[in-house]
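Chain nomenclature is as follows: A, B, C and D, assigned in order of appearance, with residue numbering initiated at 1 for each chain independently.
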Amino acid sequence: MIKQTLPNTKPIMCKIVDKEEECEDTYTFLLEVPVEVKSAKPGQFIMLWVPGVDEFPIGIAGFENNILEIGIAKMGEGTEALLKKEIGDYLGIRGFYGKPFKTPKKVKVNHLLIGGGFGMTPLKLLTTNLIHQEEKQEIHVFEGARNKSRLMYLKWFQHLHDEGKLIFHACTDDGSYGYKGFPTVDLEKFLQEVEGPSIFYVAGPERMMKAIFDIGKKYDKVIDMQMSLADRYMRCGFGVCSYCAVDPTGWRICVDGPIFNTKQLEQITDFGVYKRLETGEKERI
Amino acid sequence: MNLVIKRAKVSKTFQVAIICLLMSIETFIGSIEIRNPLMLASGVLGTTYSTLQRAYKAGLGAVITKSIGPRSRSGNPNPSVFALHEIRSLINSVGLANPGYQTFRQDIEQLVKSETPTVVSIFGENQTEFSEVLDGLKDLNILGFELNLSCPNTEKGGSQIGTDTEAVYSIVKALKSKTNLPLWVKLTPNVSDIIEIADAAVKGGCDAIVAINTLKAMVIDIQTKQPILGFKRGGLSGSAIKPIGIRYIYDLYENFREKIPLIGVGGIYKGEDVVEYLLAGATAVEIGSAIGVAYPENIIRTITMKIKKYMKEHDYSSIGEITGGAHR
Amino acid sequence: MNLVIKRAKVSKTFQVAIICLLMSIETFIGSIEIRNPLMLASGVLGTTYSTLQRAYKAGLGAVITKSIGPRSRSGNPNPSVFALHEIRSLINSVGLANPGYQTFRQDIEQLVKSETPTVVSIFGENQTEFSEVLDGLKDLNILGFELNLSCPNTEKGGSQIGTDTEAVYSIVKALKSKTNLPLWVKLTPNVSDIIEIADAAVKGGCDAIVAINTLKAMVIDIQTKQPILGFKRGGLSGSAIKPIGIRYIYDLYENFREKIPLIGVGGIYKGEDVVEYLLAGATAVEIGSAIGVAYPENIIRTITMKIKKYMKEHDYSSIGEITGGAHR
Amino acid sequence: MIKQTLPNTKPIMCKIVDKEEECEDTYTFLLEVPVEVKSAKPGQFIMLWVPGVDEFPIGIAGFENNILEIGIAKMGEGTEALLKKEIGDYLGIRGFYGKPFKTPKKVKVNHLLIGGGFGMTPLKLLTTNLIHQEEKQEIHVFEGARNKSRLMYLKWFQHLHDEGKLIFHACTDDGSYGYKGFPTVDLEKFLQEVEGPSIFYVAGPERMMKAIFDIGKKYDKVIDMQMSLADRYMRCGFGVCSYCAVDPTGWRICVDGPIFNTKQLEQITDFGVYKRLETGEKERI
């Protein structure tokens, strides 16, 4: 029986069937999911259990033939232990959790995918889906990183760019690749020139997202901004614990998000301001 | 006469719908009046004012906060909550992760401002800690305190206290002398004799007994041979524990009758489950896992409608009349 | 050399099948050897020699009889067993209905004649009754006795004894002095501290600890406002209690390690569940609800195959090697 | 969703929608089952809960449009309390449990339904099914009772007899209706004359069934005998408790039966000899 999604249960143990360095301190893992699942939607995530170490949320970069692709950036102890895992080892997954990005059907728009760091993982799956969509629409990907060696999925996006499937706007702080500067600057330049309605799909550090949100607000042609509030602490991943919730709406990022649209983001007063820690305490962003 | 004629014209099903809408299901827990007997259980949607407020707006009678202690705690390592699909249950070892009462005051103040009837769950490792937390919050305009004497997910305190009749008695008595706010005592099911513990709490002067907290539990992954929870051990909640919660409320009611209000918790997912707890002897209930997993708005609406329909069918005009019905 | 060449020709999957077939999963519980670690839990298919024999023939390592007391008892009024479909569990209040040891001797004799490895579960309201039953059966060629100190479905005896460390110690000690047959002690999960009770049993000289019996539970029908069970209260078994059983076996193993064999019971439905109990620290397991609900022949075969497959995949060559694996 | 059968769960509360005296001390109840179920098979039974009083096994006499028909004969406290229940009251049911009678498809046989007392309830449903079967086959119903006023479903069977749907052989001890004497005698007479293969479907007191079994064994033309061992104590109804089991096979009447065929009955050494009580003790039959 093919399930629409995995049952919400204890971690399902998946074998690592491939592991590759993606860019500096970042690896792609392919996991074999032993339960047949129909599909994963871009923006959804899993809770990934590194047995005996930690469990944390991880975005879905790809899902085909029951093989789950994830991209892991080294952060602290948990991701470090994870990056040491090898082909044949087992990891536990729960999910697929969360609300995905929503791409408008039938309406002709420019799709602007903007991100950085591990935020690129959901944008990868979104890209895959967009370029498979019937009607050809213009896809622009803005990726920012410190330098070339930290641009995630660089080759993959560049290749699609070269094939004319999308337009890839790389930005690096040091100019080692693409535009020298922040993607916000590159994006704003682009916005001034582009014609027709545009939609933002953003995933990256919350401060960057807030900056992008403020830019988008200035342009009427930006008809929607969808952002992945994936820079927050998560415990359960399915709505029970409230550690991931935003003020004052009480939306749980894991269930009511992680993708929120312009209308919703406007109601989230702590967006870009503060987030909750694992104690429930607030911390300035 | 005129009125009578008009009434007769209204169709039967419409009448039922109207009656359900108008039907009052407010209830009293001791001296506290709440608009309906459904409350949010501690630890679910309970760490931020905004989730608590949302849960209340979704239609609950009151909310219980996450258990708050003297200092901020990060709780246990993850995994600390996951579902057991086959038995519609959860296991958790969140372990009292909380911001500490000083920080959490702000969240409570927000709740008070928005007129959310709030019970603050508090814990401590001993009487001194309990006192400190209570003292730090008792000036707030809250409904009362729930003493969590029963968390199975900490090394010290928690359920150790909840299994010791003397500790229960003296903590309740000490706190009672410090405030006029109602004190509820939440019991653990992991005891040989729950009546004994409840008795100590009642003698100490508590205003309601809440039962049950989660059951000691554990899940091991056979692939990696590791306990899955970061803390290894956890507590079981959800459907699996409903027959256990019902049993404890039934036993408590059999023993105390009207002497002390009982609040039933454990495995409530449907209106029928609420009625079962009321019949067993509960005055009100708390719902945890079920509200967390679903959209609070939807599940609370469905549960409330079912309770009203039941009351209509069984000719009840108030929640209080249902309480203890299975003992007659 | 010839042999090696021949072997190489056999296909991989065929090899696995053969290895599974030949794989030995016999195990020791103290000095007792059983052909595999699966046993029938007391009270399920346990009142007649023919069902016990059938369960053994279906592939179990041994069977535990229904708990037998000094006199015939009709147990509690019906309903006394029903299923809780949503949580794949049962609730029962059979309450030690049994023919009494004098009559049941015949059934045991039949079992002995058919070479069914039989553990006789016995109960009494006090030490004198336990002794009487033991004395009346100890001459039979059985594997040993399981002392049911933990039935929640009787007014006197049963779990009252099982929550009293002194009673546990003195009963075990007294019975131990009367026989050389192994004595297993079955514990109730309805206690504040299971280690304390187990400790008393071990000090008394028992040969294995069996955990867990059912959890105190109850179900009320909201239509008629009646507790459904004839005895009102009952015990919960099945999937709902697996995480609880695992936790107790884990805690017991953490405390006793190799000092005493542990036998895991509660919610086993699949081979994976058995492995989970072994990893938690069990030496063998007992299965109740699952075997009763299904065809014993089918479920035991499926469970056994899964265990062997797991051992093959994880390179285990004996059951004993798995025991306690989650503590490493 | 229409279920094949009810889930094995706590008693499902059903409203009594009709109640009629059937014969002396025996009533028919119609129960409205609130869960949609596909069908019940003849020989299957339910565990019937009389709230606050008792629960015991009861055969299924009919099931159509989710209305369950049962026939209750007064025995002791439990059935007495049940007979006092009125239209609008609620009863709990668990089930449908057990293996049904099996009627051969395609083979031409004489169907001999033999019973007495509450044994007639499964035979009623069996009759209903047989007369609806495509190929017309000969159906004979043998019913025995002390006297006319204790013949269950007398009018119903007599009516079908008059319509030529079956042949009804009533027997009473006192001759107040039909053949004067035991149905065993009437049956044996019939067997001597009848041509072609016959199958027995028997439900009634175990002693009577044993006598019938011994008669059937003498005739090669009796190709199968199916008997309902429904005269035994049951607790759970779904195989867990073993109080209903037979020796030496360990078959549970509630799961492996209640209907057993010739081959099986031959292996049940306690058939007609002894049964187990609610203590597990044996009692001579």
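Annotations
What we mean here is this: contacts are C-beta pairs under 8 Å (C-beta built on N, C-alpha and C of every residue); 3 or more make two chains touch, one makes a residue touch a chain.
None of the values given here were measured: they were computed from a predicted structure.
Any chain that touches chain A and also touches chain B would be listed here, but there is none.
The chain with its Cα centroid farthest from the Cα centroid of chain B is D. If you average the Cα atoms of chain C and of chain D, the two centres end up 37 Å apart. For the pair chain A and chain C, the distance between mean C-alpha positions equals 50 Å.
The geometric centre of chain A is 65 Å away from that of chain D, both derived from CA atoms. Residue positions of chain B touching 2 or more other chains, listed in rising order: 84, 86, 219, 226.
Interchain contacts link the chains end to end along an open line, per the touch definition above.
Chain pairs that touch one another: A-B, B-C, C-D. Contact residues of chain D toward chain C in the complex are 7-11, 13, 47, 49, 51-52, 54-56, 90, 92, 94, 235-236, 238-243, 245-252, 255, 276-282.
Considering their complex, residues 84, 86-89, 91, 163, 190-193, 215-220, 222, 225-227, 232-233, 236, 239-241, 243-244, 246-248, 250-251, 272, 275-276, 279-280, 310, 325-326, 328 of chain C touch chain B. Those residues of chain C that touch chain D in the complex are listed here as 43-55, 66, 72-75, 77-86, 90, 92, 94, 97-100, 103-104, 110, 219, 221, 223-224, 226, 228, 230, 288-289, 292-295.
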